[in-house]
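Here come two complexes built around chain A, the first alongside chain B, the second alongside chain C.
And now, the complex of A and B:
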């Protein structure tokens, strides 16, 4: 009884801020809810879902979301792994380097976007200037935020930059948990640096790696702030992920029923990933 | 016998808690006594009017509204005005979400583009009972018609700003060119300025992340060429020859060497105020920005009709409104009445260099000192169009319409598709979308 009483506030709070909104969203997805929030909107059943599946914009957003998630996974994980490996080595100023590498993640996402918008600016941006000085481009005038073919790369650059420190932190913890004697044994067997990474570090990171990849995927699906403040889904829908499309359907088009159906689809995908994450963490705990 | 360290700590904590509680009780008792002795004290300070807006962070208008609110509080003792800044680019969505979720801001300014939807959803209080007795009833600008429905007024014009060509006279003189009156003259003038002074001759907003500003930027060229994106009967005209030509003219300037690349209006306005861009199509608010940011340049900044074929002066605007559900209607009206009084309208023009919601003319002395303002009245009278940035025939779904247009404009601005191809695609998408709208759901 005491346990129930102690848990009650948390349960009530969860019901209020999680279960109720999800319930309302599910309900709205079955009705034609428009601006004005008619208390008795027409019931359309699965009509909103059917309309979405027939809508080329939805499928375009699915494609953008997949590309964005893949890019973010590869970028954040790859960069995180490289920096985690570097920080695992002993060198002068390592604690300082660890602190500095965490800074992007500590920065508010909107502030990070402001920085990146200027970095990528056509005429005054540092990125174009550096690429030009390195003779990687003929003229320093790449329109990162104007050209649809480059918009996704621009958004990915900002997202990866903001998110990779958390990947570094996870992977660093994973690397530190690999027993030192395995490295010593590999050294005695004559393994070089790459072989030590391939046969000791990489397998040793298995659990952290899987969980981290799932979390990055999860965050990619829910990423709105960086994309919205940087491009608002443009140019020409190049960065219109499903999360952005939900926002636009609700607050630009005022089609709350369609937005709710879309949100439900995103929720189902996220929930599947969440369940996978739960199973992996459970298995990790059992194996430990 | 000395007490253990943990016990001393515990005692200190207990003492601290006791003292805090005693202080709290003492404060509460003092407040109760104060209220008991002066019953008016609590009620006198009890009314706070919430006022969200996009204008409070702007240098000149921010001070205006703080001063206006202070004057209001002075005239209505005990009433405060809580100014809540919201980002201009997200104001439409944010305020609509708040209103729909049951929050009721007291003083509610709405862009012209928001008015049809709010009136359609019956969210606004008719203001006629107050307006009929107001001294400014017959002085409101033409824009006021966008706040009327079925013979009732649901708003009071706050500002109505026609856009035109803003120019830096110093740079025009240095390049030896006159104020351009045609697009060819504009191109040549901008080119000469760039070549002779090294300063950008003309700036065009091409930042699709700011949807409404992008739409307005396109309107200047499309309406300026005699085209539009739709007609009042609901016909979509995105790929009509004049609309496409408008984009072709625009791209001629976007791609010109004298135009800075990839910038939005906020950056361009700053550059204009700093003398780094010689000409822009924009509104009179730039005059206020120059006056605040670069007073030395201010006497040399002017505004003229856009040198497009129709000289279309795209006219934005905003209204003071009161929500039906608001519980402080009289107090809010008093605020609106003060803001629309001659004294504060005069200040809106002459200190903030803004266009007021009434037809109060600027004084001759003001015009002498503010030459840039001279054409603003003429622009409003002769060339005002595109009111509230509303697509004709789609006023109730303006944001969705504008977003769809800008999705395709991104292809034009980036050079990915020629205007004709992009606008053909836009036409097809808008026509298909228009068919999904319910009867009476667009206008």
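And now, the complex of A and C:
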């Protein structure tokens, strides 16, 4: 009973700012809600959903979302793993390296975007110059944010750079939880560095790895600030993920019904990943 | 965090224990025995060389990764210290005339001081609101179990996973009814929605680390449950409370989406909205932009650096434990 009392304010808050808005969204998705917030919009049933499923823009957006999530998962996890392994070693200047490696995450996302737009600037950007001097590209003026084929890479670079420190932290905690005597035993058995990683570290990270990948998936689905301020879904819809499309349907196209249907679909996907996450953590809690 | 013990090295583990209990055969290479045989000594030399090479490699990797990852931050600082429009090819990797003029300039071209004050209000408000809500709920979640408690925990968890854009429209509808459009209070309310779940999970992890005997001792000494929380549990979990508070602060400071959608009066903008609007102007002044980005970054960066250990521990614990 006391527990309920303690949680009551938070529950009421959640009902007001989470459950009620989600309810409004579900209701709106069944009506043809236009710009003027008409109090009695025409009921269209599942018409908004049907229209979405027949809309090539929706399917394009699904594809962009999958590619973006995959890129962010691979990039953040990979960079996080490398940096976590590095920080696990003892070396002079490690606290400094740790601070530098975790700093991107402490930056506001919009500040990170501003810096990346300057780095990727066409004529005077540092990235183009360095790539050109290293003979990796033929011309020093690549239009990262203008060419549709490059937009997603540009956005991913900024996102991964901002996001990976959290992966580092998770994986570092995971690596530290692998018992030291396992490494000693592997060393005595003559395992080299790679074998130790492959047979001791990697299996020991299983739990943390699964949780981290799920969290990264959420954050990829929910990422809007970096994409919006960097490309606003462009160029030519190249970075228009579902989360961005929801916003544009509502605040650029003023099709609030369609936006609500889209939001419901995104919610359903988030919820199913949430259930997966919950079962994963719950199972571990029971094993413990 | 206890791991299910994977199979493959159960054997190696047993072997390790056996070997340690018995003779230390493989250790011979580390301490070459004095004697006429040159074999072990050469092997010792090789091992030392390998160790040195490995250290060299480690430092090279550390420096490489730090340079690549740290470069954007270095570039922001360098560009902010260079007056002018920075239209140089090749780019100047070291500032030629470092000066502070950009930092005074940005406060005169934009009401940046006002925007920063607004950001401070939103961040502080979010911090206080999410802490008030999360501390009590986290204590409940940490000390009691049951269907209802678990259900609420799940609700909180899902709350944190909803993309902000999904909630923008219903918030717009709700805020129009509550007259919160174009107010900083509205932004605090919206941001708190997203920071409460994470604060809750962080605090719960820290509360779990405080022994229940402390609660019981406080209760027998005549404290109420709430008294026990305020006088005994909160002080014991202070680093965690500070970490959760700063998480709320940083989330409020970084808030952009609701602020850019709901705030129309320029003097009510927060710093992130101001920065993005400044960036999208027709003539982009990169050095001034970098200085603005630097000013906006410095506040959360310092807070994060001071508390990073607790904050990172809180986030990992909160996410990995159920």
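The criterion applied here is as follows: the second predicted complex is superposed on the first by the 285 of 288 C-alpha atoms of A that agree within 3 Å, B and C clash if a C-alpha of one lies under 4 Å from a C-alpha of the other, contacts with A are read in each partner's own complex, and residues count from 1 in each chain.
Operating definition for what follows: a residue touches a chain if its C-beta (ideal position, glycine included) is under 8 Å from a C-beta of that chain, and two chains touch if they have at least 3 such contacts.
Owing to the predicted nature of the structure, the values given are computational and were not obtained by experimental measurement.
After superposition on chain A, the partners chain B and chain C collide with one another.
By the touch criterion defined above, A:236 reaches chain B but does not reach chain C. In the superposition on chain A, A:195 makes contact with neither chain B nor chain C.
Of the two partner chains, chain B is the only one touched by A:143; chain C is not. Shared-chain residue A:277: touches chain C; no touch with chain B.
In the superposition on chain A, A:259 makes contact with chain C only, while chain B stays out of contact range.
When the two complexes are overlaid on their common chain A, residue A:123 makes contact with chain B and with chain C alike. A simple residue count on chain A separates chain B from chain C, and the partner touching more is C. Only one of the stretches 5-13, 275-283, 293-301 or 311-319 belonging to chain C has C-alpha atoms clashing with chain B in the superposition, and it is 275-283. Residues 37, 121, 123, 229, 251 of chain A are contacted both by chain B in one complex and by chain C in the other. The residues of chain A lying in touch with chain B in their complex are 34-37, 121-123, 141, 143, 145-149, 229-232, 234-238, 248, 251-254. Across the complex, chain B meets chain A through its residues 93, 96-97, 100, 117, 120-121, 206-211, 260-263, 397, 399-400, 403, 406-411, 413-416, 438, 441.
Residue ranges of chain C in contact with chain A, taken from their complex: 1-4, 6, 8-9, 12-13, 15-17, 19-20, 26, 55, 58-59, 61-62, 65-66, 69-73, 75-76, 79, 86-91, 93, 132-134, 136-137, 139-141, 143-144, 146, 148-149, 152, 154-159, 161-171, 173-174, 176, 189-190, 192-193, 196, 200, 225, 250, 253-254, 256-257, 261, 272, 275-276, 279, 286, 289-290, 292-294, 296-297, 300-301, 303-305, 308, 312-313, 315-316, 319-322. Those residues of chain A that touch chain C in the complex are listed here as 2-4, 6-7, 9-11, 13-14, 16-18, 20-22, 24-25, 28, 37, 79, 82-83, 86, 89, 91, 93, 97, 99-119, 121, 123-126, 129, 133, 140, 161, 166, 169-170, 173, 177-178, 181-182, 184-186, 188-189, 199-200, 203-204, 206-208, 211-212, 215, 218, 221-225, 228-229, 243-244, 246-247, 250-251, 256, 259-260, 263, 266-267, 270-271, 273-274, 277-278, 281-282, 284-285, 287-288.
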